[in-house]
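Down below are the structures I want you to see.
The following pair of complexes shares a single chain, subunit A, combined with subunit B in the former and subunit C in the latter.
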Partner chain A sequence: MATLPAVSTNESAGRRWLPLVALIIVVLALAGAAEFAPIVMQRRITQGLINLVAVVGLYVFVGNSGVLSFGNVAFMAIGAYVSALLTMPAAAKGVFLPDLPAFLAAAEWPVLGGALAGGASAALVALVAGFPLMRLSGISASIATFAILVVTYVVLGNWTSVTGGQNSLMGLPIYVGLWTSAGWAVAAIVIAFLHQESRSGLLLRASREDEVAAVASGVHMVLHRLMAFVVSAFLSGISGVLLAHFLGTVRVETFYLDLTFLIMAMLVIGGMRSLTGAVAGAIVITALTELMRQAEVGVTIGTTTLAAPGGLGDVLLALLMLLIILFRPDGIAGGREISWPFRSSVAAPEIQSRKPQ
Partner chain B sequence: MIGQAVQVLVDAVSVGGLYALTALGIGLIFGVMRLINFAHAQLIMIAGYAVLLFFAQSAVLAVLGAVAGAVLLALVVERMAFRPLRGADPATLLIASFAVSFLIEKMMIMLVGSRPKGVDFLPMLAGQVEIAGVRLQLLQLVTILVSVVLLVATTWFLKSTRLGLEMRAAAENFRMAEVLGIRANRVIASAFAISGLLAAAVACLFVAQTGLVQPRMGLQLVIIAFVGTVIGGLGSLPGAAFGGFLVGVATILLEALLPPELRVFREAFLFVGVAVVLIFRPQGLIPARGLAGRI
Partner chain C sequence: MKLAAERVSVRFGGLVANDDVSLAIAPGEVLGLIGPNGAGKTTLVNMLSGFQRPHSGAITLAGSDMTGHRPRAFARAGIVRSFQAVRLFRGLTVSENVEVGLVACGLGRAAARRRVRALLADFDLLRRAAQPASSLSYGEERRAGLARALALEPRFLLLDEPAAGLAAAEAEDLKRAILSIRDRYGCGILVIEHNMALVMSLCDRIHVLGGGKTIASGRPDEIMADPAVRTAYLGRAAA
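What follows is the complex of A and B.
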């Protein structure tokens, strides 16, 4: 196992937790600063933190396995719908979903229970779907995760008696604010970090760097991919729950290609080979899309309004993602984890550059 | 009853043909550079808009415009985005093509808006013909004919021309092919041009069938064709065409055979079926040679 990271040796054992502490401080500082911001700004930052949970969720699988997943937005959708159905007031469900099975119609779970159930359902689906998919070779597996996205979209959009079909579900308890999302963001970072430092995470990254060598050394790659996929789905499910209870409504259209693209762009631009990259991407791109949104609204000077053409933000995001892939393939973070300033940086487990096929 | 069965079968084969052409275009590019080309959807889209632009003048002009547009876009995309990434690992290429695909789609939305536009392309094919007492849609027969012709032509090109031979050599072992004097730029650019041509054909048939053009068209086709290439066996051209054909046929048969209340879930059934196939044959139905990792 040539590429096992140096961080597990004794001398750096203390420093190994630095990235975790630093990332938590960044998130808490961001939320703390948002306390003093105007309410609109606060909502944007809350949304950014929800994105962060989604990106970290995607990172757990994609970053550690090197296999792309287009299915994580489906897990977000599953989390959102499960939590919505379990926590909506029974009266509201009676109006929107008269044909709901009795146990769902009567359920009025506490929000935390609903959130955990949402994450757990997503994880369960990942376990079942991942069983055939993880056996495929990397690139086929990526394409096959598309199937998860499409199947979920079709089922949720047409299972009218349970999900309301193409209509929105409304009347969800709106409980996700700044600190709820910050709390979950911290939890997601902790879970992702523990996973990547665990034996399974290390072995998975070894297989990412050199599949043939890792498998030849006895790494059960399929198993470790599946474990990462399940953890990843849980976190994605949670982010879906947060989004649903932040907006107060769920629509199946929300959870399709555009969101997939946004979350993936965040991960790629931040750098998909480190947790720091995932966090950085979520924060930077949220800020950037907000700026572009403002620009599309425009500024009014006297009687004329200067505004960027609608849709320019999307174009720039796609362009930025392409430029990053072309010129800085490891993203903002460059495949390294964050470290204390003025010290030699913590060696990232995977500074070895990509080798051509 | 038999008439109905034949109608469904013809429908299934014609849709299967469309998916086979799409999957073949994707498979060609994957073969020569291990790139899953999401932007194939945008090749179809741009060809669709070319049809929209020219169909009022003449159908021939519209078809030529579609071919020119798709081939040109394919070559531009290859030159600007994929050539600098040649030799990068497949995951990076996959993300790059995802970004390219979104870039083109969003630019198109910015330019022409996202609303669908109606196109009355090849109205003379909308009629029906009666063959041996069974009424069949002319367009479906034309679709089958075009698919067969293009599949045969592509096969002939790959088997019997020098460029085709080079392409197959590159697909088998790119580095070895280069060492033996095959010019990579030429082979890859030709593969993109052919995939543009196939995309244009799919676009013309698809537009004639649906009568609509919009920036998102092609996406659904390409996603399902992707899955087709995976069950066919990624990296194998017969596999791609066969897998694409199979998912297309399966879609229509599911549509016809499922009870009405389950019909809306047909993609779900299709993909679950695909997953079951993959449990037993993770390499696909017609596995490619030379794809396994080597040290």
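What follows is the complex of A and C.
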């Protein structure tokens, strides 16, 4: 007769929600602490929280499916441009985009409507593009997502009448501050957690572990990948909206390889197999890049300025990612969710018996 | 209601993996599928579970044609298979491993978890429920694999070398488990196995393949006495 587990069903249910509560507390504590920081630091933390939304968005697809996506920054760009076009004052659009179609030229949506439209547009593009792409696996799927990034970059950069081409769009309503970004970061974490714990999330994670065994268990892998891709694109679109309305300007060059590398590095370093890893990666890399930025500015002692060489931050970021890939492939979080009192929610693996090769 | 392969053939380039093979499993029956390496046993199971489409012939379930259906359609029709390696979802917990099949068939997660607890208790894995599958010992992995297969409430269970790597005592436990599954669920069970002692004592009927063709089919004592089977396993001189 099997022994009953020490943990009751209610306690198990409580433990399942614990990572969500803990991550929300971390984000709110970070934003709360930033209230007392200088304005420059507040802006850095706001940008870090926007990056957190982007990393969590990337995690929803990459973390649960195991398929690397280089295309999520394209969804950020789509979100940013859609929101910009819907919320910019008509007068500003008249200056920067004189050839804009009339219905867009006259649109002056409220910012929340613009944000949701931005996220929804990104999700719609993901749905259409993902329909054929989600049948691919491994490196083929990753290359296909990279193609989405390139195509979006080229289209936005050349669709001069609607996007302004390579020029910046200016005059966007600047409404994203510390608590707006913190609010969306919490929303992104909640959405990602609910997806991860949903039926679709479980089946997708099973296919991440073993595609063949998942299919043999009746899993419709393509469907669940597509659902995750759409949710992921929505959150990425929202992060693009936040970035555009934080900076007050949007430019196609912002949403290309540099940002792709940064967001991917955050997820890899934090650990792409858990939501905790995504959040940890965004926070740690934001702190690290800020430290490096300050080191590059340097300190002046008398007439001498001691400063780190320019570009050191990028080099260290690449080095850190390399070290993580080599020595801790599951990232800072080790593929596990945060648990109270900050120990793994699962017991440490026991010594395994010898298995046949 | 039978699961049947009807005159199926499969070729991989010039290699004929299965040549005009027919086989049927009835509910409540344990059928052994044996043959030397390369005889086409796994290819036949791949066809019976939708992973391989026959180039000719048909796969039928209760008389209706399943040929060309996807593996998930076979799984949802109650035809569940295991693999030579257990292929657990190593990054998921033991409980989630068993839950996957239930959820894939439309059950909500809360209801699935209740069913999973009962299954894990049956296989003495309840205390391991919240641990990652990667932490299981080999014997526990085998039990978890069976629990996962049974979660789908199979009408037919196709087991590919379930005793591979097991010690004699563990193989005996496995035999009892398979018979218990047959009695409890009433499902038809097909077993590919190289452990002849296990096959002879476990199976109601045995189907022998050699070079992709059916060599013999019958009760264990008939198979043991069949010269064609001896030739396939031991060579012409021994027969």
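In this section, the second predicted complex is superposed on the first by the 331 of 357 C-alpha atoms of A that agree within 3 Å, B and C clash if a C-alpha of one lies under 4 Å from a C-alpha of the other, contacts with A are read in each partner's own complex, and residues count from 1 in each chain.
The rule we apply is simple: a residue touches a chain if its C-beta (ideal position, glycine included) is under 8 Å from a C-beta of that chain, and two chains touch if they have at least 3 such contacts.
All figures in this text were calculated on a predicted structure; none of them were measured in a lab.
Looking at the shared chain after the overlay, A:273 reaches subunit C, while subunit B stays out of its contact range.
Contact with subunit B, but none with subunit C, is seen for A:314 once the two complexes are overlaid on the shared chain. Of the two partners subunit B and subunit C, it is B that touches the larger number of subunit A residues.
Judged by the touch definition given at the top, the superposed model places A:329 against subunit B, while subunit C stays out of reach. Residue contacts after overlaying the shared chain place A:214 against subunit C, while subunit B stays out of touching range.
Of the two partner chains, subunit B is the only one that A:68 touches; subunit C does not reach it. Contacts of A:202 after superposition: subunit C is touched, whereas subunit B is not reached.
Residues common to the contacts of subunit A with subunit B and with subunit C across the two structures: 212-213, 354-356.
Of all residues in subunit C, only 49, 51, 70-72, 75-76, 80-81, 83, 87-93, 96-97, 99-101, 103-105, 108-109, 120-122, 124-127, 129-132, 134-139, 141, 148, 152, 164-165 touch subunit A in the complex they form. Residues 2-5, 7, 12, 197-199, 202-203, 205-206, 208-210, 212-220, 273, 335, 345-350, 352-356 of subunit A touch subunit C in their complex. Interface residues of subunit B facing subunit A in the complex, by the touch rule stated above, are 34, 36, 81, 84-85, 87-92, 94-96, 98-100, 102-103, 106-107, 109-110, 219, 223, 226-227, 229-230, 234, 264-265, 267-268, 271-272, 274-276, 278-279, 282-284, 291, 293-295.
Interface residues of subunit A facing subunit B in the complex, by the touch rule stated above, are 66-68, 129, 131-133, 135-140, 142-144, 146-147, 150-151, 154-155, 158-159, 211-213, 257, 261, 264-265, 268, 309-312, 314-315, 318-319, 321-322, 325-326, 329, 354-357.
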